[in-house]
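Each of the two complexes below includes chain A, the first together with chain B, the second together with chain C.
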Partner chain A sequence: MNMDSDEEFNSNSNVDMSSDEGFLDQDMESDVSLGDDYELEASDDEEPDIGFDTQDKDVKPRKEAYQVDFQVLSPADIQASQDEQIDEVSAILGQPPQNSAILLRYARWNKERLIEAYMDKQDEVLEAAGLGSVATEQPPRFERVPNFMCDICCEEGDQLDTFAMKCGHRFCADCYTHYLVSKITDEGEAARIKCPGDGCNRIVDSKSLDFLVPPAVKGRYRELLTRTYVDDKENLRWCPAPNCEFAVDCPVKRKELFRIVPTVMCECKHTFCFGCSLADHLPAPCVLVKKWLKKCEDDSETANWISANTKECPRCHSTIEKNGGCNHMTCRKCRHEFCWMCMGVWAEHGTSWYNCNRFEERSGAEARDAQARSRQSLERYLHYYNRYANHEQSAKLDKDIYIKTERKMTQLQSASGMSWIEVQFLEQASQALQQCRQTLKWTYAFAYYLKRNNLTEIFEDNQKDLELSVENLSEMFEKPTDQLQGKKVEIMDRTSYCNKRRIILLNDTAENLKKGVWEFNVEMTG
Partner chain B sequence: MSTGSRKRIVKELAECHADPPPGTKVQLIDESNVHTWEILMDGPENSVYAGGHFKLNLTLPKDYPFKPPTLNFATKIYHPNVSNDGKGSMCLGMLRSDEWKPPNRLLAVVNMARSLLLEPNPDDAVEPQLADQYKNDRAEFDKTARDWVRRYAAKK
Partner chain C sequence: MLVAKRLQKELVKLNEHTPPGITIVSTENFQEWLMDIEVLDGNPLYQGEKYRLKFVFSGSYPIEPPEVTFVKDATHPIPMHPHIYSNGIICLDLLDRQGWSPVHNVESVCMSLQSMLTGNTKNERPPGDDDFVRRNTQRPRDISFLFHDNSV
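Showing the complex of A and B:
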């Protein structure tokens, strides 16, 4: 059994500082405040001419309904906020900073709980945090002790430098240091390294550590401490991008993830979900994303055929290869125009009666027997998976074609000696395509779990509008490169239209999610 | 550090020779290598392993005593704390890297192994099914354990 010092503490006394239930009590209040925010925004719109009051509010950049407040923290910011809290606790508890740091880490940075518990049962808290009885401040130093023998290396002698913390477990300086270095570098431990003494639970404080380990290891130690700080705080999360050192501070609580999809953007430009660290999955809530990815993994063989890059023209049956992101296909042979996703006639995509994105449930009579039902459920899944996978793949193809286009335009420019060609608009168009396809992709996972009610029609309309605007922008990239400059205004218009459609869709889904009016066909748990 | 480590290991070996647990013999497999030990342990009289002669290997890592030793049963044994995968490995108590402290002694490790023969620890098992049987169907567990002793651990 590995008895964590927390558990020991919790079982010995009833001061509960690190369990989840403790945090949940506090969450109730923030739920209410969320609702208030929402009311506030709505009432702003109803009373537009109060004058100065509303003008003041307009100065701030308007937050969309799907956006959340967050702040990006650099490594220095993270260090500073730790130090600030350590100082604050030191002042209140009258403990030296290195002890306050241990206490805070022990309490998983829940300051209020720590102070409360400390005031209540000081000795128990100190004991449980590994600080033994009240520590008096004395700088760490080596000592030489008559008739000393190190219990680790078995070296003996009066001339040996030795070290011990307040607990009195004394070892030679080399062994003590070696022990700490191996804990830090090999095992990645930092906040909870115990005294090397047999059975001793005292945590090694940072002053002793600084005194004992070489400078290179100190750096690693600080890094690891910061890591546990971010891991311990519910409002902090590391940016999951490889080698990124930034963290994000966001107030959205774990239990709110059924109603909010907290999407944040790091300093490094990586956009990810604060709730689960996966890449931007708006508008689908984390729990559905998890279920969907699991399902796709389980059903990967069934769905594999879909991601094929070649299909037959539905009219003349000649083979057609998809090499751009656009799903509006024209058969080279018979000039038939169709939709790559549903293989339907493209012209019908603009009209209101045709729906590529909607899965048409067959009537009850048709789906009576079990086999028909299971077939229908597979068809339903494939309908959504097909579109999900297609947008994912199209996003990649869009990107490829953009990179090629940009290269061609640069070549064109240097070959012809033309004046500088503005390509910024192409980059913006490409970014919009990437982002909108990412959103579209997840709308299909979202829709798969959505139960039909009077709101789903609006959702499907929004989805279709975004889809069409995306395809309209995507097809611009398939134009010959030398025509693109002439299409600049059109491309810019289509770009901003795409972005607008995306915001409309996301606001609609987010507002309904916050209100809890979406109905899902699965349990919204774990 | 390696000379210090050697000094300690030699000292520990002497401790184990001087005062081994009952029915136990500790020796180096190869006199030139202090990092691999062999333990010969008789099943304690008042246990289901009585009559068995078990061979265990104790391996000390390069960074011993800062890292824990590893202990394996070379003789097949029916025991919830010993893996039944041909490796006979054990991973509990002081053998775990988060519990091991450098001053811990190999004699204590040997003693722990013997006390586990007297009384298995089903709450920290590597073989959950055996632990379950040990707790809920003791008669059947004991029967199989004795049977394995006869089959795999009878001769010295």
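Showing the complex of A and C:
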């Protein structure tokens, strides 16, 4: 039998996609669901008071439609959960833990399958897992054997410490250690280190290993094992942030990624997609994100636009570089106020902001002309790309501003006698801006792939509302420090409004995605 | 030093008895050895030829495999074989980290290569040989071979 096949092992974890919430709690080996007592409810009509604790997931009493259950695991948690499963299998199979660990790794941690297969064909499974026929277990120990000659170093002697696993391939202790250290530190192997004997498939168990290698190497060995463990489990994924040691446990399956955008936040505060490890790309599902990024990589369509970090003032034609997050531009030279997105006069934006976020498809009359059509599709793409890139750029600029804000917070504190806690509203505003811009950015990629229909209209309305609220907040944020104190309440209100608009937009998209009612203009295939 | 001790012992053993078709050419130091091999069973592809093998030992030999290549000179061609590139690089799982066991040694590698040649009937180079030879600047140990063919 071929136990290595993924298909084979995962086939019993099929999930019924028709159930709306059922798939969130299936096939969980350990009790990791956060959300058992949370309600899955639509939140369109929630009370507006969601302002200050939305950043704090622990305190948050309810789960939004766009959120998924997940749990952050520390290296110790991951170790504990492995140990727990190993102990359980040991108890059932009557194998010592170090052997159960090898069996589980071989079975890619599919316990049920392993037990079933083991009961069925014990010898075959043991053989394939690298445990050969098991005689009585005794703790690993050094032996001295008369007339011994080590096949690795060719050293001979009765006084030599030697070691062998159950397979009986005996080498001197130094060589065995040397071999294991080299496998672990140089080759990064752990789960499938074989006996050094030629052609022997016996896997080195952790007990023998502990006996032979120095503590530092043991640590590395455990690290590597844990890495394999997380890679093998579909419900686990490493946090992709640099130097982050945490993993996230989330029950969302690969095949559900068309219906759900599983966005998780690590202990280190990095927010990423559990499906593809990219940074938070709500509300767009992974498959569209992949398509979009691929499209954007294609220079032919975007080269002009990528280089366009500067624009000319519509009135005096001075070249202007955008150096802050807000779209409201005031020309230094002629004081002309305009919108960075549409280059229109800013004064008009109070009432006709929608001109900036919607792309009106041209009438079908032109469509017959092939050139016009390709022109239009390019323009359409650029419309969305431009806005996508703009928010990406703005988010970066907002971040820079935040770094300055920290200084502002300190200044404000000393100038106004406010406490550190009292100036936290600036940090919250900055976080809201970052998060909303991240979302807005992806709404444009999402919208690019949407067919025009009523749902899309609603989506664009939500997008418009969020965009407007973000630009409003962003503008406040750029005020000089001395004005900030008086604006505290206003900034707090706008922050909370931004967060609320974001949740509304995300819930709307997530619910429709779950129901499968979005119509896309591309195939939803990877 | 494990390398030196081990190679010293190997050399003593080889000097006592060298298997048929294997000749020691140079073993002056413990970094690089040259060995000649012949195919003795009359395989027409290799009849009457001597092939020169270069063994390069790292500090981790025999935990790590030695780097083994055929070398070409006026009297020693590179044998024709679907797993041997014309620049002398050999694609053999035994010489890769995964297939290597520290129990192997110079003698067993020579014998494996002899038998690899003995069993071959194809008078050809690996697919893509021209390209590989022109472009390859890597050392054999850094190339990730795919050992897909277990028949030869």
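What we mean here is this: the second predicted complex is superposed on the first by the 425 of 526 C-alpha atoms of A that agree within 3 Å, B and C clash if a C-alpha of one lies under 4 Å from a C-alpha of the other, contacts with A are read in each partner's own complex, and residues count from 1 in each chain.
We adopt the following convention: a residue touches a chain if its C-beta (ideal position, glycine included) is under 8 Å from a C-beta of that chain, and two chains touch if they have at least 3 such contacts.
Here the structure is a predicted model, which is why all the values come from computation and not from measurement.
**Student:** Overlaying the two complexes on chain A, which is it for chain B and chain C: clash or fit?
**Tutor:** clash
**Student:** Now for A:Glu256: first (chain B), second (chain C), both, or neither, which partner does it touch?
**Tutor:** neither
**Student:** On chain A, what residues does chain B touch that chain C touches as well?
**Tutor:** Dual-contact residues (chain A): 151-155, 171, 175, 178-179, 182, 186-187, 196-200.
**Student:** Looking at the complex, which residues from chain B come into contact with chain A?
**Tutor:** The touching residues are 1, 4-5, 7-8, 11, 63, 65-67, 96-99, 101-104, 123-124.
**Student:** For chain C, which residues are in contact with chain A within the complex?
**Tutor:** Touching chain A: residues 2, 5-6, 9-10, 13, 60, 62-64, 97, 101-104 of chain C.
**Student:** Any idea which chain A residues touch chain B in the complex?
**Tutor:** 1-2, 151-155, 171, 174-175, 178-179, 182, 186-187, 194, 196-200
**Student:** Under the definition above, what is the set of chain A residues touching chain C in their complex?
**Tutor:** Spelled out, the residues of chain A in touch with chain C are 151-155, 171, 175, 178-179, 182, 186-187, 196-200.
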